[in-house]
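For reference, the structure discussed in these notes is given below.
To keep things simple, chains are lettered A, B, C and D as they appear, and every chain counts its residues starting from 1.
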Amino acid sequence: MKKSWLSRCYVGLVMFFLYAPILVLIVYSFNENKSRGVWTGFSFKWYQELFHNEIILQSLSNTLFIAVVSSLLATLLGTAAAIGIFSMGRKARSLVMNVTYFPIINPEIVTGVSLMLLFAMCGIDLGYLTLIIAHMTFCTPYVILNVMPKLRQMDQHTYEAALDLGCSPLQAFSKVIIPEIMPGILSGLMMSFTYSLDDFIISYFVSSSTSQTLPITIYSMTRRKVSPEINALSAIIFVVVLVILIIVNVYGARQEKQQQKRYASYL
Amino acid sequence: MFKNKAVSLPYLVWSAVFVIVPLGLVAYYAMTTKTGQFTLDNLARVGQYAPVIMSSILLSIIATIISLIIAYPLAYIMSRSSGNTQRTYMMLIMLPMWMNFLLRTYSWMTILERNGLINRFLELFGIGPLTMINTPGAVVLGMIYNYLPFMILPLYTTMLKIEQHTIEAAQDLGATPWQVLSRVIIPLSMPGVTTGITMVFVPCISTFAISRMLGGGSSMLIGDLIELQFLGNTYNPNLGAAISMVLMVIILICMAMMNMFDEGEDKEAMLL
Amino acid sequence: MNENVLISLRNVAVDFDGERILHNIDLDINDKEFVTLLGPSGCGKTTTLRIIGGFVEPTEGDVFFDGARINDLPPYKRQVNTVFQRYALFPHLNVYENIEFGLKLNKVDEKERRTRVKEMLEMVNLKGFEHRSINRLSGGQQQRVAIARALINHPRVLLLDEPLGALDLKLRKEMQVELKRIQQSLEITFIYVTHDQEEALTMSDRVVVMKDGVILQQGTPQDIYNEPANAFVADFIGESNIVDGIMHRDFLVEFAGREFDCVDKGFGLNEQVDVVIRPEDIKVVPSISGQFSGVVESVTFKGVHYEMIVDSCGIKWMIHSTHAEEVGSLVGMCVEPNDIHIMHKMEEE
Amino acid sequence: MKRIIALLVALVACFSLLCLPASANELGLDESYYSRFKDQDISINVYNWGEYISDGSDDTMDVNAEFEELTGITVNYSTFATNEELYDKLKSGGADYDIIIPSDYMISRMIQEGMLLPLDFENIPAVENIFPQYLDTNYDPEGAYSVPYTWGTVGIIYNTAMVDEVVDSWQILWDDKYTNNVLMFSNPRDAFGITLKKLGYSLNSTDELELRVAAEELKMQKPIVQAYVMDEIFDKMQGGEAALAPYYAGDALTMIDANPDLAFATPKEGTNIFYDAMCIPYSCQQKEAAEMYINFMCEAEVAAANIEYIGYSTPNQAAFELLDEEIRTNPISYPDDELLVNTEEYVALPGETNLLMDSLWTEILTTDDQFLTWLMPVMLIAGCVASVVKIVARKRRRAREMADY
């Protein structure tokens, strides 16, 4: 439509707003001089420094380990919960759903603090276990919120059809229900991985000395002065994630094009 | 249908232990002194922080409204574009959320500072250095920047549901573009708006790093107050718990009001 | 353009995704006329409708309304209203608010709006449904609300995009009659899009048959049925037997191995032609006295008549007659000259 | 001939010094003492301030690596940002630290709350390297719980391009000539400390009246202050964002290297002198190994290398002598005595003083938002009215819908 020029430049403006700081970050990761004020020349110094800065690499591996484990477990727990909730009565379902909203609505600092108090009270040592528990606690709701709509859109009779064709309930479940809600499960997994990767307020309160995650290291750095290695690291993360998303996007588009070719009739 | 409630049992136990019990603990700490006797003066002292609470609410409301104004047209444009471009826009919106929240706020510091990038750029045209950093405006900017995607996503998801032929029907019945917007698009996107407002308002009111970095510590937020109690040198966890409880109550009230305005029943779908 | 032509499309063409889906359409629609655009799905009939409605901009050509060129006129400025295929009712409004939507936009006062809505609800016999919410209505009810919503604004032209598609057979028949009645009582021009040839024949004053973005034929239902312009139209409108024939000379055609007298002339000598004979025009006679004969392959009871398939040396003839023949029996067939329709071979693009 | 031999020896000496940082055993340390736990696979958790140990970057000595190589004990090193964070982790019982390096006032609080173990000084022979005056401190009266690691003063760092007058007193931070060009500490204890010293009071004063006067002073300063920050001062001053800011002497040195316009002055009214000291918390599992680590830190060469990297001042006499001339005489790290005379270190204050200081501080920060307090009731009323109207509207709408169903 003729005003597509206007809408395109509006979208461009918002994208620029979102990406300006990230570009600044990436540009400064090549800045030779430590302080961010002045630009003294181009260098890969910080990228080399990055690869033998023990604290950053250790916390990066911690973060990835915890993000993967907690998002997988959260997805398992969340999917089972969603299916269970879906078959509940109206009253029970709205109660459980409100409890599910709690970790999302609750300010992160309150969740972090309350979990810290809980672990202290039960004498559980802060460390990987508490971090995983905390991350699962605030990731599971996102899985449920992704799987529930898929369950609702699903045609209820497909399950009965599977039973009718001789599947046992378990087979029917795995052959009909799982594939149907798989997109919901995957997007739930993706979202919990994202939130777990990026969380620092909650992790801050429940982590111990040996299990420092990357956001915490960055947080304690921003209090003193951000060392440019972090800029280098985030530049790398940005590029890696960008590549992954492009691949997913292109793959999705190609798949869709094939589908379109198959019934390509324009009504 | 697959009637098996037992499957959700592990989740119910899990959320009972790790969601409800901790909140009970916060309440317990809020109402006791260091040594454990019951007392209400923690909560009474919170009254003294009314200006901080109010300025947090005010800044969060402003930030939420501005992000709604920015996100709404974007979400509409996204929902009306072709399948492929929609996917690319979604990707471009999600990507910044993957970058570390603190670093992005930190890089805003380098941009907004007295001799930061913007001022240096303006100097080329002889425009004097503007004071942008260390103002409440910078805090609002930080909030908008970090939580804008949380407004765009639910709006976009809801607007996807508005059929193109419903819009054409309105045009067909003589509705000018503005009338189409006000009588069809806005009412139908209301569920997305209420969800978006919640998803932005709550994090805004409880954030604390943004105000320290961009606000220069002058416009203190509730998050800073709580952090100060738990990590600052006054170290008074009971008062911190009391403030957290007050914050939770404020958010629940706002949430209840939000539900009032949105009759949409499939709220979950929008919360993605 | 003569005086009562309301809408005319001059050499209109549309490209979509690089392909040309509508080839220079020339179409005139008179005032107070019930015109039907008929054709298989993907033939461009809906695109033509949307051009008139203003939702699609033609790549080439002009659209005239009452003599004025309206290519650039946005939909909301055209004195045209549409009933959409899936009704497009406003989910956030109830029946009353949906119907009064158009009036409210034109600032009609409350009282007059209430009377006109009441009157319209009676016309589509939905009295008392004012405060019902949309998702609690059945398909038929939703469809009638959509019509009421469009008609209440007294448009000069009403566009209907396959409105009866989602209804069951009996309700569809009722609505066909009711739509015709409404059109005649309100004297509004209807432009009706459908792929159901029976609907086209029963409701329209004029039928426009389209295929692959081109208008094949325009005319009254009778013309279209009796004088199909080519094999496609014949086959698409009603049932018909189509065979290859050779036109020896005027009034003499040879097909199925025999020569027949016919009423058509003006074809080239020995020109390859398509011969179209309606199933009900073939008379069944005892095998010896028929012009040609064949063996009855199958007989199916269709309520009003029997449909028989007769195999005459390889060609399968479909015959509709009131009494059934034995399967496997040999029968004779004969055809009146003016029931044989000759038409030029259609060049396949 | 003799000259050639001397040359050769010198060459070898500087060669060894140049090519690799002096490895521990070359320091001639008492091998037997350090190898007691050689291959018992012991590990200790050290919890220290960020960027507060020589970690081998730009060819300084990597202290932890040297210790591990010498003693075979692995060091798990992690950092904290504030004393309270350290206190939190210890108090909640979840932490498992063997060595912590908190500041003076936190040590005195931890001693009061019995969170530290007394040190067994037979295991720390190198402690006599420490200057005697730094061993008897009022934050650790018996001197049994801590060994000083660094000390430093808080002074004023200023940008000579923006400030041309002589800077020697806290008063300059209140001078409206530098409006919107002064940075101030954002935590109440330091802010009040500076103000109390400016008024001539003790920075550990618990007298409510003195605190209220200080609060008024700080309120007057508010319009002049560009921002209340803590460690952002480091980057802001280096980037020329502000003219004046109170900051730590140790960091001032590194900042001055980066931006030569900067200068540092210790105010004459006296300031806060602070000590960071090594202690062993009650959660320690390897007490002897921890004491060995403390002893290693007090070794002359290690302390010298460490202090050069950190930039703060060393309490270690042996290390002090090893430092080169211009650091020893630098007035920033080692101000002369009459300036040191009226410096005080922080001491843990009683609960009510903390509470009072905290509420005064919040009051100061939100002075210009007081008008917001009346906004609270307005918001509540608006909220209730809106929701009531909405409920009624929805009820009516639903009722009408039900009526003709």
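Here, a contact is a pair of C-beta atoms (placed from the backbone, for glycine too) under 8 Å apart; a residue touches a chain by one contact, two chains touch by 3 or more.
Since the model is a prediction, treat every value here as computed from it, not as a measurement.
Among the remaining chains, the Cα-based centre furthest from that of chain D is the centre of C.
Here B-C and B-D were compared by C-beta pairs in contact; the pair with more is B-D. Centres computed as Cα averages put chain A at a distance of 54 Å from chain C. Centroids of chain B and chain D (each the mean of its C-alpha atoms) stand 34 Å apart. Between chain A and chain B, the centres computed from C-alpha atoms are 17 Å apart. Multi-chain contact residues of chain D (touching two or more other chains): 82, 239-240. Within chain C, no positions touching two or more other chains are listed. Of all residues in chain B, those touching 2 or more other chains are 115, 213, 230, listed in ascending order. Chain A contributes residues 7, 10-11, 14-15, 17-22, 24-25, 28, 36-37, 77-78, 80-88, 92, 96-97, 99-111, 113-115, 117-118, 121, 133-134, 136-137, 140, 144-146, 148-149, 152, 156, 159, 169, 172-173, 177, 187, 191, 194, 197-198, 200-201, 205, 214-215, 218-219, 222, 226, 230-231, 234, 237-238, 241-242, 245-246, 248-249, 252-253, 256 to its touches with chain B in the complex. On the chain A side of its complex with chain D, the touching residues are 34-38, 49, 55, 116, 119-120, 123-127, 130, 208-210, 212, 219-221, 223-226. Listed in rising order, the residues of chain B touching chain C in the complex are 163, 165-166, 168-176, 179, 183-184, 187-188.
Listed in rising order, the residues of chain D touching chain A in the complex are 45, 47, 50-51, 57, 76-82, 89, 92-97, 230-231, 234-235, 238-240, 258-259.
Remark: chain C residues 53-55, 74-77, 80-82, 84-86, 88-92, 101-102, 105-106, 149-150, 153 touch chain B in the complex.
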